[in-house]
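When the chains are written out, they are named A, B, C, D, E and F in that same order, and each has its own residue count from 1.
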Amino acid sequence: MNGNFEIALQLLGIGMLTVFLILFLVVFLGNIIIRFVNRFIPPVETKTSRTNVVQPAISTGKMAAIVAAVQAVTEGKGKVVNV
Amino acid sequence: MDILKQLYEMTAFGDLIANPGPLLMLAIAGVLLYLGIKKQYEPLLLVPIAFGVLLANLPGGQMGVVPGDLIDLGDHRYMNLFEIAHEYGIMNYLYYALIKTGLLPPIIFMGVGALTDFGPMLRNLRLSLFGAAAQLGIFTVLLVAIAVGFTPNEAGSLAIIGGADGPTAIYTTIKLAPHLLGPIAIAAYSYMALVPVIIPLIVRLTCSEKELKINMKEMDKLYPPKHKIKNLKAVKIAFPIVLGIVISFFVPSSVPLLGMLLFGNLVKEIGATTLRLSEAASGPIMNAATIFLGLTVGATMTSEVFLDAKTIGIIVGGFVAFAISVSGGIGAVKIYNLIAKKKINPLIGATGLSAVPMASRVANEIALKYDSKNHVLQYCMASNISGVIGSAVAAGVLISFLG
Amino acid sequence: MDILKQLYEMTAFGDLIANPGPLLMLAIAGVLLYLGIKKQYEPLLLVPIAFGVLLANLPGGQMGVVPGDLIDLGDHRYMNLFEIAHEYGIMNYLYYALIKTGLLPPIIFMGVGALTDFGPMLRNLRLSLFGAAAQLGIFTVLLVAIAVGFTPNEAGSLAIIGGADGPTAIYTTIKLAPHLLGPIAIAAYSYMALVPVIIPLIVRLTCSEKELKINMKEMDKLYPPKHKIKNLKAVKIAFPIVLGIVISFFVPSSVPLLGMLLFGNLVKEIGATTLRLSEAASGPIMNAATIFLGLTVGATMTSEVFLDAKTIGIIVGGFVAFAISVSGGIGAVKIYNLIAKKKINPLIGATGLSAVPMASRVANEIALKYDSKNHVLQYCMASNISGVIGSAVAAGVLISFLG
Amino acid sequence: MNGNFEIALQLLGIGMLTVFLILFLVVFLGNIIIRFVNRFIPPVETKTSRTNVVQPAISTGKMAAIVAAVQAVTEGKGKVVNV
Amino acid sequence: MDILKQLYEMTAFGDLIANPGPLLMLAIAGVLLYLGIKKQYEPLLLVPIAFGVLLANLPGGQMGVVPGDLIDLGDHRYMNLFEIAHEYGIMNYLYYALIKTGLLPPIIFMGVGALTDFGPMLRNLRLSLFGAAAQLGIFTVLLVAIAVGFTPNEAGSLAIIGGADGPTAIYTTIKLAPHLLGPIAIAAYSYMALVPVIIPLIVRLTCSEKELKINMKEMDKLYPPKHKIKNLKAVKIAFPIVLGIVISFFVPSSVPLLGMLLFGNLVKEIGATTLRLSEAASGPIMNAATIFLGLTVGATMTSEVFLDAKTIGIIVGGFVAFAISVSGGIGAVKIYNLIAKKKINPLIGATGLSAVPMASRVANEIALKYDSKNHVLQYCMASNISGVIGSAVAAGVLISFLG
Amino acid sequence: MNGNFEIALQLLGIGMLTVFLILFLVVFLGNIIIRFVNRFIPPVETKTSRTNVVQPAISTGKMAAIVAAVQAVTEGKGKVVNV
């Protein structure tokens, strides 16, 4: 019991330290990646944006508009699988 | 007469009179179904879990998960999966093949990764540190739980509820205290569903109106960030790769969870050429995994497991862990604001516990209540997502030291 | 010369000369493919089954399922799945992992549940009693089969063909007489495909024109039902939950099948919040299960299994069971009509054997032939769906008493 | 053989009894659910009907119309995944 | 201090200093990711493989595949899958359940079949013979590899790279030399991705401009084919069935691969009635199989496996096999053209090695460069698809003689 | 080693022979199937072509057109799942 409590105290220290260490590294390496990419990998203009079209990122507003359109056509029974 | 007697023996009534515990479990299944269906508390998990509880708790149906020692043949040998299916039925087969092996939580994390956008975090990298502070509840409750008599392994599983992340809680419990899987999973998902209640409660207790009105966009204008991201796509591709390496170095035991999350994220960010993979990971694979995870976790909830003093401890301890995690995140912001000129809204600390994306939405609503122009959603998402990483790292530490 | 000899030894010709049985099996595979592709007899199952027969019946391909006693190590121990794959190839691996464990039929039932609408049954609850009467063929043929020399377990597997439900027949046979799986599954699916022939035949033999002209809608107007359903969605959500509990109480051994069916139905009826789950259950999960079920069930059809007097018994007995089940449903309606004022069209009894929804469509066409305004489809669906429950319950009884 | 026949006779009785019992309970409990719901859970008007929109319940007639429309656009090669 | 020491022990640094091999493997993972993401070399496989390499190569993560002798208990007994998961983690569980059993390559072939159109091959049946000639690289390199000291089993696995077909190479290696799975799979997919470089290189070395200008359509006009296909749908349905039987007769050991390919193709060609099955086979099932195949194959690439002289042999031998296969196809066309009046463009021989459909596209581009009206794509597809059958047959021969 | 080399030589012979044999049979049986079908299974005109509609065979040109149409509606963020 006493020994267990000691383990728990140690874990409180080690655990919070590790979590902070990792997320500090995330911040640090994230910044390095950003600076590296800014420097060496310029954005490819139109080409990449076209492949991005395939990605499922759509604003809720637009989603609603499309859903509304589909509903209008299918009289409220249609379903938008993926837009 | 003879026929009626035989008919009676086929039914489950005889067993129920000898042991009425299952009836209570059915009532609990009913409550969970009510919460999942009517209250829409995490229905994707709570409905399958509740149905698993329902199926498991009638004797004779062979749908309840049997304790691990029935599988253990001693001398590091275990019954094989075919024997488990043959002896204990399909629910035990699914449980021992998919859950006890630790397979499904990483599989679900792969799908979560394929649905996660690290963009908000990358645009506000510094805020992700609050995703570390908000793991405080985990380690504090660990201490308390050991103090009140839980074994270290059980205490670790209980504490990880404070990570506010379902697959992480389940994975940790499988590794440390599988006999508590049912109550811990249910507590984790229930409190995650209660985030719209818990966060406002803690915020009201700890933050002043002035703090909650801190406008992050104004701050960004006053103190603009050093580097703007010019090629977001490239950064988003490099990020999961680098992060995967770093985490493997420092916390190898969190690799099954975080490695799969980052893999799912990578194939999503690559885009069109690996679209088949990211769609499979976030679609059929994750959905199938969710169904079987839910049903089998529910099926571990037999009355012997649930009707135990530890269940009370889990319910209370889980809530305390949530509350401390939220407070930890808020506290860290307050300390930061003491030193830094560029102030941060404490709501961004509150969302560090994870429960993505509900915590961020709740925090955003609170901010808007105090100032209808103060949109903090994107900033909250930064600490919110980093909180997932934070709790998976915490899980790795617990597994590595206690497992 | 030496090369040619070695080449010959690699081929399957040597084996074929010693034992020409496989050639007959290839012919049978050809017939099944013809029925599935050209005649469109249950193609989703018969095509994979036929291809499984084809793959299994050439020596050396390691694609035929080996008998269970090769897996049995005695003393309640069995070869593990890895050893099965290593020793007997992937088809045995799939068979022993997915079929012999009893996994896939409940998985398919989950998908069936997610595609089933209990609405017609709930609107005409009383009609579901005829789904009980139409299980008569099962227990009658059981009696006959035992009388002509089948063992009780074999007889039970044969008899369940009369339940007119594929997964139920397969599940029961796995539990009672796995060595007959191939012929029984094929007979079950073939007769289900022959429902458009069998039902009209029995109806012509047993029903008068006057009976077939009974118009259910007119009857509903004359004697309107007591309670109208005001909130169908809520009823549909509550129904699978309550039914799941009741069935678990009374027939625990049918829980793997019916429990999964009702779970699939529940996540479908909940709607948008669990849509991911119901789509996964009725889509990729069920389709993948169908492929592997079909291939492996077909692969059990080696010539030794098929070229047995019992196969004839299964073919004849299966047909008799179908015929008696249909007659049983019709007979129950006739008895009911003797007593009740509100008459029922005997076609609703005929559809009680299940084979959803084809039986209902066939019955509807018969009704329309006698009276072009007499649409009985919705009423037939009530007994049709309850017939699925009925035969799963019957399966539970058989497994519980004979297994 | 004789004993087996006796088992079969018993099973005929027990089996049909059980099947009738269960389906009788289905009728009974189904009615109870309907009455309970009618009494205590009134239908939520527009709200539920909107969530119902997502449900894949569509008349065959409408389905045919949509398929026809899609075919018209895609010149007979389009496919309606889910409506 | 004590805490820092314990923290250090949790990390992987200690192991890395003792054995820096993993760092090299991380660099290799980086190169593979670069090739897959930026150069778009077979990204669907190379990205998961690379991420598997990355996850596997940090000690403590339990994500590296352990050698088969750790699973072997002697006396034809092996650890069961549950024990493997319990002892060695989820990556070994997936590897031993899905790869070592030989399951996933046939599953992927089923999906490939459901995406393959045998139409071009059926319209130009005679061209499929060049898919036989282009397997020359396999057996030539086998000879060379044995000469330089590879064991026959290792040599067979190395040689099958010359089949230019990923699942075939992986399946053969699993059966013959699983310890080389990582390097062989990576070499196979890399060279397949390099087909746009390799084919033009060999063509330039072996073909004259006059040969490359042979116009197949003109030849068809001069010497029209004997039988026109009147009912393509029926032919396409019959073809996989008949082919399945023939291959089972002659090369039973290629049935797991080709049988599943032909099954997938059959359910696709049947059309609407089995659409659910073909969509499942080519969609979720194949995508999920691809993810797990890639990750686990990558995870076999530990530094001990890779840092071996044999890896060099595989890299060099794989390239030689590709080159000889292409040359073999071209050579066969040249010999044919010596005899026949109806000349064939040697590019159709070059595409016989498979690597569908990239080889055909590359060949078409070469043809168009010499004559902008000479479209050879459809003709190339004939030998290209038959090359898949050819290398699966070759794999069957190797497995049957060496396995 | 010497024995191994002999095995390899044999395999070169057996292997290439088998591969040619099988693909020769493919040609032979393919032709038989074509002639058999031409003779005994005449093409079913409109009926089969309608079921074919469901098949996912679409020219890249048409695909591009549909994608363009969807993009127009969804402002470049829509996604064509299956046409």
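In the analysis below, contacts are C-beta pairs under 8 Å (C-beta built on N, C-alpha and C of every residue); 3 or more make two chains touch, one makes a residue touch a chain.
These numbers come from a predicted model, not from an experiment.
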* Farthest chain (mean CA position) relative to chain C -> A
* Asked: Over half of the interface residue numbers used by both chain B and chain E, so same, or under half, so different?
  -> different
* Name the chain whose C-alpha centroid is farthest from the C-alpha centroid of chain F. => B
* Asked: Between chain B and chain C, what is the gap in Å from one C-alpha centre to the other?
  -> 39
* Asked: Roughly how many whole angstrom separate the Cα centroids of chain D and chain E?
  -> 46
* Asked: Just curious, how far off is chain F from chain E if you go by their C-alpha centres, in Å?
  -> 17
* Residues of chain C whose C-beta touches two or more other chains -> 6, 10, 80-81, 250-251, 283-284, 397, 401
* To do: Give me the residues of chain F that touch two or more other chains.
  => 14, 18, 54-55, 81
* Sites on chain E touched by chain B in the complex -> 6, 10-13, 16, 26, 30, 33, 37, 40, 43-44, 47-48, 51, 54-55, 58-63, 80-83, 85-87, 89-91, 93-94, 283-284, 287-288, 290-291, 295
* Asked: Contact residues on chain F for chain E in the complex?
  -> 1, 4-5, 7-9, 11-12, 14-16, 18-27, 29-31, 33-38, 41-43, 48, 51-52, 54-55
* Structure fact -> Listed in rising order, chain B residues that touch chain A in their complex are 117, 121-122, 125-126, 128-129, 131-133, 135-136, 138-140, 142-143, 146-147, 149, 151-152, 155, 227-235, 238-239, 242-243, 246-247, 250-251, 268, 271-272, 275, 386, 389-390, 393-394, 396-398, 401-402
* Hey, which residues of chain B end up touching chain E in the complex? -> 71, 76-81, 84, 96-97, 100-103, 106, 110, 237, 241, 244-245, 248-253, 255-256, 259, 263, 266-267, 270, 273-274, 276-277, 279-281, 283-285, 397, 400-401
